[in-house]
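Shared between the two complexes below is chain A, which pairs with chain B and chain C, respectively.
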Partner chain A sequence: MKNTNNSAKVLVPLTAGLALMVPLFLGNNYYYDIFIMAGIYTIIGSGMNLLLGFTGQLSMGHAAFYGFGAYITAIGMKSYGLPFWLCVILAVGFCFAMGMLLGSTSCKLSGIFLVVVTTGFNTVVNLIMVNWEFTGRSFGIPGIPKPDWFGSPMNKLQYCYLVLAFVFLALFVSYRVVHSKTGRAFQAMRDNAIAARSVGVNVNKYKLLVFAVSAVYAGVAGALYASNIGYISPTSFTSNVSVTIITMTVLGGLGDLCGCIVGAVVVGVLMEALREFGDYQLTLYGVLIVVILIFMPKGLMGGLRSLYRRLCSLVSRRRTPAKQEEV
Partner chain B sequence: MNLFLQICIQGLMLGSMYAILTLGYNIIYSTMGMAHYAQGDIMMVGAFFALDFFVTMDLPIYVAIPLSVICNVLVMLVIERLAYRPLYSRSRTLLLLCTIGVSTVLRNAAQLIWGTQSFNFPTIFPGDIIHIGEVYLVPQNLWILGVGVVMMLLLNLFMKKTKVGRAMQAVSMNRSAAALMGVNMQTITMITYGMSAGMATLAGVMLAPIVKVYSTMGVSIGAKVMISAVVGGMGSMPGAILGGLLVGLVEALGGMYISTTFKEAYPVVLLLVVLLNRPQGILGRKKVVKV
Partner chain C sequence: MLLTAEKITMKFGGLVAVDNVDFAIDSGEIRAIIGPNGAGKSTFFNAISGQNYPTSGRILFDGRDITKLPSHRIAKLGMTRTFQNILLFDDMTVLENVMVGDHINIKTNMLTEILCLPHVFREERRCVEKAEEMLDFVGLLPYKDQRSASLPYGKKRLLEIARAMVSGPKLLLLDEPAAGMNAAESAELVDTIRRISQRGVAVLIVEHNMKVIMNISHRITVLEQGKVIAEGEPAEIQANERVIQAYLGKEA
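Up next, the complex of A and B:
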């Protein structure tokens, strides 16, 4: 236990420092975009991880929240000339409310029932996006401006750091939530909702809360996405995207805070690396979900952790053979 | 009034196919205790097999349909062996995630194999339009309705009269007790999946001339199947039929009298209305969950 704590003390600043350094060496817009997408996926993945990994609720509707964030930012910045930060706040508020609304179904439903309802939610939201004049119908919204940075629009490097700031904030909030009373309540609910209720956990309150919070994560990710890419259309927010979000959460490791970083980076980079084989991409995601679930139930991060532990024990055994014999 | 009748028949026709699919879905749910998210995609694969055998290879229909049923059952059994079986002993959420993964694989693999375009499927049952008063009936629709009803009756007979059917019911009531009484779980599992895939293939073939065959046809139909299962009551056989027919009716009537753009949304509204009033589904039984 002490060992892992010590390693966390080294690893967290190391990873953060590395993440801060990376944008400086990327050099061109293409690599900036990959970096930004990996950051956006980390945010949305850590929201999904709170919901699926820590409370065990499966939502197929997160692409809808992602879409809310993106559309609010696009319409706010383009049509009403609002500043970016205000759009983010609006997106946060709206997604929180919608998350509560969808989350209220999760108080009574779980498993497949929740999947059916959230899939339906995503379908309806996508239908509205495709058919409403206000959201640009199926053409979407082009020409979304970048946020301002002291009077001039941000360049890609600055945007990388903006995304990174949100990533740090998202991970910090997740960390604080998971290691609090609330987080322990979440995990108790995941393991056994009735038992949790019987020891005084207000299950419905926490279910609403976790749904709303993870919806907010998705909304913030959507806001960052819209402003970076400059053009959004309903096809970016179908239930396929929800599957991608679930893929990276499972890939990284359910209930593992670092997992969503690994999952997001792997999926973000894979998506680009497999661009040539665009058709194979989603097939591969499906195969990845199945293979990871069967062979690595704790995800890539869980695999890495057990590898690290094995290495540590190997090293310590070499170093102190005498002590081992004493015991 | 005539228009209303005609739309109702249209809706019942679609609904009977949803009901067949939902029955397959519910067999898996009640016997295995798992929700099979990929049911719509299994149907899509079956429809593509039928397209290959019937249209491309030009085999007669009474050869093409059994062949595609056999192929699709084999596909289903391979999936069960490779993807589902290792996860039976783990949490249900993981199994559900796994079926979502399988559905993604099937959908996109089909796209790689058969392409993204939608294929026309010729009518299996040609014939002239029948007039009854002022109601026009397409023979194909009547046939589909008839096939649906016959399949439901056959399934009912199978579940009640045969040894295997009774064994399946026993498993759904109490898994471990059934195993102790000498029910071979492996055989029952394989028969369950095989039957489900076979029924999905038949429904796919019947639906193919109406909705065309394309790689994402399983998405919307699969969603409707899950909605009908929940509306009727998860795991209940009469519930599956009722749910399927209701979803078909709501879709057809909404599409006629409100607007066709939001066709996919009406079943969702039905789902919400039912869930708010009867969370266990119309004919479902309330489950008592113990710690």
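Up next, the complex of A and C:
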């Protein structure tokens, strides 16, 4: 335990520092976009991790919340001329409410039934996007402006740092929640709901809360996505995207705060790296994920941690005989 | 009376598992419920602690009607329990398990936790101290950083008791705490239950291990086929004709 705490003291600032440096060396818009998407995936992934990894609830409808954030920002900024930050606040509020609504179904349903309901929710929301005049129907909404930075629209480099700021905020919030009463209640109801109730945890209340909070993560990610890409359409928010969100979280490592970073970066980069394989892209992607999960059931982060532990014990084994000689 | 159950009946379809049971327990008492398999002991337990609701009857705890309260509200009023088939939070550490037990006493919420208000850290420290003190009480302090799933069976039982005790309940319900324990482990358990009672906590215990029961309980209630057939001090129960019949059958 102490070992990992000490290494965290070094690794956290190191990773944060690295993340802060990276945008400076990217140089062109293509790489900026990969960086920004990895950041957006990290945000949405850490929300999914709170839900799936720490509370054990499955939502196949998170692309809908992602979509809410994106559409609220797109319509707000373009049609009503609202500033970006106000759109984010609106997205947060709306997603919180809708997350509670979807979460209320989880009080009665679990397992496969919850999967069906949340998939249905995603499909309904997607159909509304496709058919409603207000959301631009299947054409979507083009020409979404960038946020203002002291009077002029942000450039890609500045946007990288905006996303990074939200990533730090998201991870900080997750960290605080997990290491306090609320997070313990989440984990307790994941491990055993009956026992959690017996010590006074209001399981239904916390289910609503965790759905709402993870929906907020997705909403913020959606807002950042819309303003970065400048054009959104319903195809970006189908239930396939929900599956990608879950894949990323599981791949990174469930119930591991750093897992979603690894998952997001790997999925983000992998999708781009495999692009040159054309039609085989999705196949290779699938095969890689299966292989990784067979060899690292606790995700990439779980694999890294056990590798680190093995290295530590190897080092200490070499050290101990030396110490005994000194004595 | 700390807990009063009036005319509790529990039916599952046509099966009457608990039949018109009147029951009361005083504060500070150690009370046992015994009876042959299928007598309705665990069902009665679940009715009291809100896991199931009785079909009819009324339950008063500390002067409040708790008949229709869900179990998390009952826990808040000061009644906690352990389970026959040990229910721990397997992926959490031993210490965290006990900290969850103190859930109802921590005065923070998600917003204050995110905002890092000073009282959040104070509450957290207090919670850790209390949990460690409770682990020390049941003798599990050396294991506090282990995953709870990795504990041996007997220690899991003690951890469940620590989790139920940490919030400072008025009544502790133990559902077959000695099941599957060897002699040394059950002796340790008896000692732990005695010390719990010394803290002024009333203990209600369902158990099959007669040695444990006769050793610690102040009074014993005997159930058979959902009905109370006897109630009294251990010596009285041991001599009771009706009880002996229920366990051993009638002499020919």
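The rule is short, and it goes like this: the second predicted complex is superposed on the first by the 302 of 327 C-alpha atoms of A that agree within 3 Å, B and C clash if a C-alpha of one lies under 4 Å from a C-alpha of the other, contacts with A are read in each partner's own complex, and residues count from 1 in each chain.
The rule is simple: contacts are C-beta pairs under 8 Å (C-beta built on N, C-alpha and C of every residue); 3 or more make two chains touch, one makes a residue touch a chain.
Here the structure is a predicted model, which is why all the values come from computation and not from measurement.
In the superposed model, A:Met21 makes contact with neither chain B nor chain C. Of the two partner chains, neither chain B nor chain C is touched by A:Val10.
Here chain B and chain C are compared by how many residues of chain A each touches, and B touches more.
Looking at the shared chain after the overlay, A:Asn192 reaches both chain B and chain C. Taken together, the two complexes place residues 192, 194-195, 198 of chain A in contact with chain B and also with chain C. Partner chain A is touched in their complex by these residues of chain B: 35, 37, 82-83, 86-87, 90-94, 96-98, 100-109, 111-112, 219-220, 223, 226-227, 230, 234, 261-262, 264-265, 267-268, 271-272, 275, 279, 289-291. Taken together, the chain C residues at the contact with chain A in this complex read 49, 51, 70-72, 75-76, 80-81, 83, 87-92, 96, 99-101, 103-104, 106, 108-110, 113-114, 116, 120, 123-124, 127, 145, 163-164, 167.
On the chain A side of its complex with chain C, the touching residues are 1, 173, 176-177, 180-182, 184-185, 187-188, 190-192, 194-203, 209, 213, 255.
In the complex of the two chains, the chain A residues touching chain B come out as 52, 56, 58, 60, 105, 108-109, 111-113, 115-117, 119-121, 123-124, 127, 131, 192, 194-195, 198, 239-240, 243, 246-247, 250, 279-283, 285-290, 293-294, 297.
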